[in-house]
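The following pair of complexes shares a single chain, chain A, combined with chain B in the former and chain C in the latter.
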Partner chain A sequence: MNTLKRYLRLYRVLVSQFLKTIMQSKVDFLMGLLGFFFTQIMGIAFLYLVFEQIPSLQGWSLNQLIFIYGFAQIPRGIDHLFTDNIWMIAWRIVINGDFDRYMLRPMNLFFQVIAEKLQPDALGELLVGTLLLIYSLSKGIVIVDALHIGLFLVSIFAGAIIYTSIKLFFASIAFWVKISGPFLQVAYEMADFAKYPTEIYARAIRFIITWIIPFAFVAYLPASFFLKETVSGWIIGIECLIALVFWCIAYALFKKGTSIYESAGN
Partner chain B sequence: MKKKLKIYLPFASNELKRQLAYKGAFYLFILVSLFGSFINYYLWMAIYGSSENNILGGLTKNEMIIYVFMAYVTSSIVTISISDWVSDDVVKGTVSMNLIKPIDYRASLIVRATGDMIYRFLAPAIFIWIGVEVYKVHWLGMPFTNISYIFFYLLSCIMSFLIYVLFDFCFGMIAFFTTYIFGMLMAKEALLSFLTGQLIPISFFPEIFQNVFQYLPFSSMIYTPVMIYLGKYTGETLCFMLLRQLIWVLFLYILGSLIWKKVTKRLVVLGG
Partner chain C sequence: MIDVKHISKDFVSPKKYPGLSGAIKGLFSREKVIKNAVNDISFHIDKGEIVGYIGSNGAGKSTTIKMMTGILNPTSGECIANGINPSKDRKANAKNIGVVFGQRTQLWWDLPLNESFTILKEIYNVSDEDYTERMKFLNEVLDLEEFMDRPVRTLSLGQRMRGDLGAALLHNPKVLYLDEPTIGLDLVVKDNIRKAIKKINEMYETTIILTTHDIGDIEELCNRIIIIDKGRKIYDGSLEKLKDIYGSKRKISIEVKPDDSLRTFSLSSKLNISPEECITEYDEKSYTLHVTFDKHQIQTPDILSAIMEMADVKDVVIQETDLAEIVKEIYVTVQAGLAHSAVQDRKRN
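For the complex of A and B:
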């Protein structure tokens, strides 16, 4: 209990340091937010234009697709906000030898990595996600009862963990190959596939994004639970299980990586 | 002319060499951006599958497949973001070095971008293009693209490239006013992918938007060359489209010169 308290206090201290740097450059913050906001809005505009031509896409209505799209943004945004520094492991921290800094402090290594930075750009994604969810709720296409609200919270939390695990896994490869940024980039971009119903893809792609890099479990599959009565709540259970398994694998790899880490220098 | 060539050519060849040095990262970048095309491909397949019409936005399903991949090929050779370089130069202060040399900064950027374009044309674009043609003939049972369309397509691409870099130069001037251009670049990319027709053919837009786009340079960047490739423009329309591209090149060239003059007057460089 005491350790938890200590970490919470440390997190507050570290984050407040970081917030000061953001306050220094408010315009940058706004523009970053705007950039992510625009990127997501264009995706919706695309769907809108397409649905001018067709009544439904393989049985999905425009509003339902908007819900899936918005739902996908929320776990993504949460992960992006809190753990953006994982990217730096993949690109920079390991090869520069900056990881030394973490090794010297008597704190959990993963905690130090994520506590160093908050990514305010992520608010753009969270904003779009929330707006789209509110829109979908106002259209009355989402199932709202106690069970669904409860599982909704569980689902976005588990989704964010899946994101973090995938990032941590690919970033940890950097301990062996020094720079793993490109691998991480490819894996991360796979998430775009899951913004649409996965039935539209060829079987191989569907298999990859469901079971190997399981982004379908972050977006499309849980989202369908909130849209269709016929989808069982077990889908959220499977999502949590996947989150747990992937987190254990990723964290074990990270641990192993830190144990073989060698500093740069001469 | 010969002297000019001697001065500016190294910018292109250096860029070519630089790109060749980081091949690994480049191929991964291609893979990532191809993802987008495949998502689009499957999405359009599903869209045509759900539609009662065989023709959407003036394109048949087969034409749409070619559109998606040719839009990718076109954008990969045309959209070379020189505003990244401008912002880099401004943030690092190296822009002052470029100002004291007896060269035109914009010309050096454009030549450098040309090096990049040639590389991208050789590395991914031409292979994907061949892939598209093979797919088209072998699976879709359509004939090879007419050689005259290819000629006009390439001509149009060159102008698209000029329109894009000249526009991007004007855009890059924002870097002189703010240091964090990353967000702006993202917003620009998102907006352009939409307005240029890279994401969805312009013909899908409501009429009123299409009319507005007539007076903007964006549709000339990707939509026009791809439509030429598809053989949608012939005779007079083709001439008109190419002429319109030419006018945009001239207009943006003059606009860029004016902005550049204004900006350099108030430039403050720290260190550098």
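For the complex of A and C:
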């Protein structure tokens, strides 16, 4: 309990330092914010144009598609907001030896990596996701009661863990190959498939995103539970199990990686 | 305090071949190159010692320090510091140590220096009282106040190094590791940093291990030095002993009034010793005689009186061999020794 308290306190301290850093340069910060809003507005406009052309897809109505799309954005946004610094393991901090700094401090290594940065861009994904969800809810296509809201929150949390685990897994390969950014990039881009019903893809891709890199479980499959009576609530249970297993594998690989970390010469 | 036992570190990397075709060949080859960076090094360091850890570039200094601080896991052997094995219990060890890498700052680059101290206070759980007391001391020895509120990236190298040293000491570590703490600094700053290190050692009995290429650091600070070369320990002992064994050579430069007879002058025949033991060179441009000799063989006054009989002496400079030369000499002897034993090995086979 004390450890948890200490880490929460440290998290607050480290994150507030990060926020101070990005606000040090006020112009940069404002420009970033402005750019971010433009990107999001463009994103929504693009979605509108696409969905306008598709009245229905493989038996899914436009409103249902919007729900799936919005649902997919939220776990992704949460993961993006809190753990974006994992990308740096894949691209930079292992090969240039900056990982030394984490090794010298009396704190958990994974905690240090994620506490170093928040990714404000993720607020855009969360905003768009929430807006799309609210819009599709207003059309009355899903049941809103305590059970469904509870399962919805559990599913979002588990989905974010799946994202983080996949990212951590591919980033940790950098401890062996020095730069694992390209692998991570490929794996992460698969996540885009999760925004649409998997039935529209070729069989091979469907297999990969369901059973190998299980992005289907972070959005499409749980979303179908909320949209269709025929899909059982157990799908959320399976999602949680996948999240747990993937997290254990990814974290074990990360731990193993830090033990063989080679630093860099001066 | 610190026990390093038969520690070794190998770096394994895939074999590389030259050229584009070589790069393709490398992709499919499973051949590995093993680089033995540290080879069976052992030593013991007591509380409060200041130990200089020296060697040429790539000798394995940083690798050893990285194993002692828990950054790298040794391939074999172990290191125990304060009863803790850093590669098994990294976090517990990290609480006991402070580390400064001269070429890499550990401060928060974009934030004012005092923010770094605030964060470190939280990370190391330093109490408010300890913090106030420690900051007062650090300000005294390192003069941090003048640039405390400036972002770290705007500090000069000397200021940054003082900041880094302060940051490494905030939690009063039992052991302080300094990897080239004075690299790139000017003489005045170097001197201040050395004084600060000395004071910290006296005040808190902090054990200090420092790697350096700067002989000045060693002469000013270290009561003991360990020299490594090609991953092996080649000397471990006091500075005096080192100078005694390897640094018995002295050099005297004597400026004289122009005199042609000095061109053929041989001091060794005059003193009745073999020419190798006393080498005399005459520089005609500056009218200076350089005499190199072994101080265990000949006394300085003997040489001086012999020369004064011969010529009009204007000025005399006596130089003690400096440590840089001694270290160079050790490298040469050790390498010759290694080559020698390698030849013997081959003969035996």
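As a convention for this text, the second predicted complex is superposed on the first by the 233 of 266 C-alpha atoms of A that agree within 3 Å, B and C clash if a C-alpha of one lies under 4 Å from a C-alpha of the other, contacts with A are read in each partner's own complex, and residues count from 1 in each chain.
Throughout what follows, a residue touches a chain if its C-beta (ideal position, glycine included) is under 8 Å from a C-beta of that chain, and two chains touch if they have at least 3 such contacts.
Keep in mind the model is a prediction, meaning the values are calculated, not measured.
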| item | value |
| --- | --- |
| Chain B versus chain C as contact partner of A:259, first or second or both or neither | second |
| Touching partner for A:38 - first (chain B), second (chain C), both, neither | first |
| First, second, both or neither for A:13, with chain B first and chain C second | second |
| Touched partner set for A:100, first chain B, second chain C, both or neither | second |
| Of chain B and chain C, the chain that contacts the larger number of chain A residues | B |
| Chain B versus chain C as contact partner of A:58, first or second or both or neither | first |
| Contacts of A:185 with chain B and chain C, given as first, second, both or neither | first |
| Touching both chain B and chain C, residues of chain A | none |
| For the chain A and chain C complex, residues of the former touching the latter | 6, 9-10, 13-14, 17, 20-21, 24, 97-98, 100-101, 103-108, 259-263, 265-266 |
| Residues of chain A that touch chain B when the two form their complex | 25, 27-28, 30-39, 41-42, 45-46, 49-50, 52-58, 121, 182-183, 185-186, 189-190, 192-193, 196, 200-202, 205 |
| Of all residues in chain B, those that touch chain A in their complex | 24-25, 28-29, 31-32, 35-36, 38-39, 42-43, 45-47, 49-51, 53, 56-57, 178-187, 189-191, 193-194, 199-200, 204-206 |
| For the chain C and chain A complex, residues of the former touching the latter | 11, 58, 62, 66, 69-73, 87, 90-92, 94-95, 97, 99, 101, 103-104, 106, 108, 110-111, 115, 118-119, 122-125, 151, 179-180 |
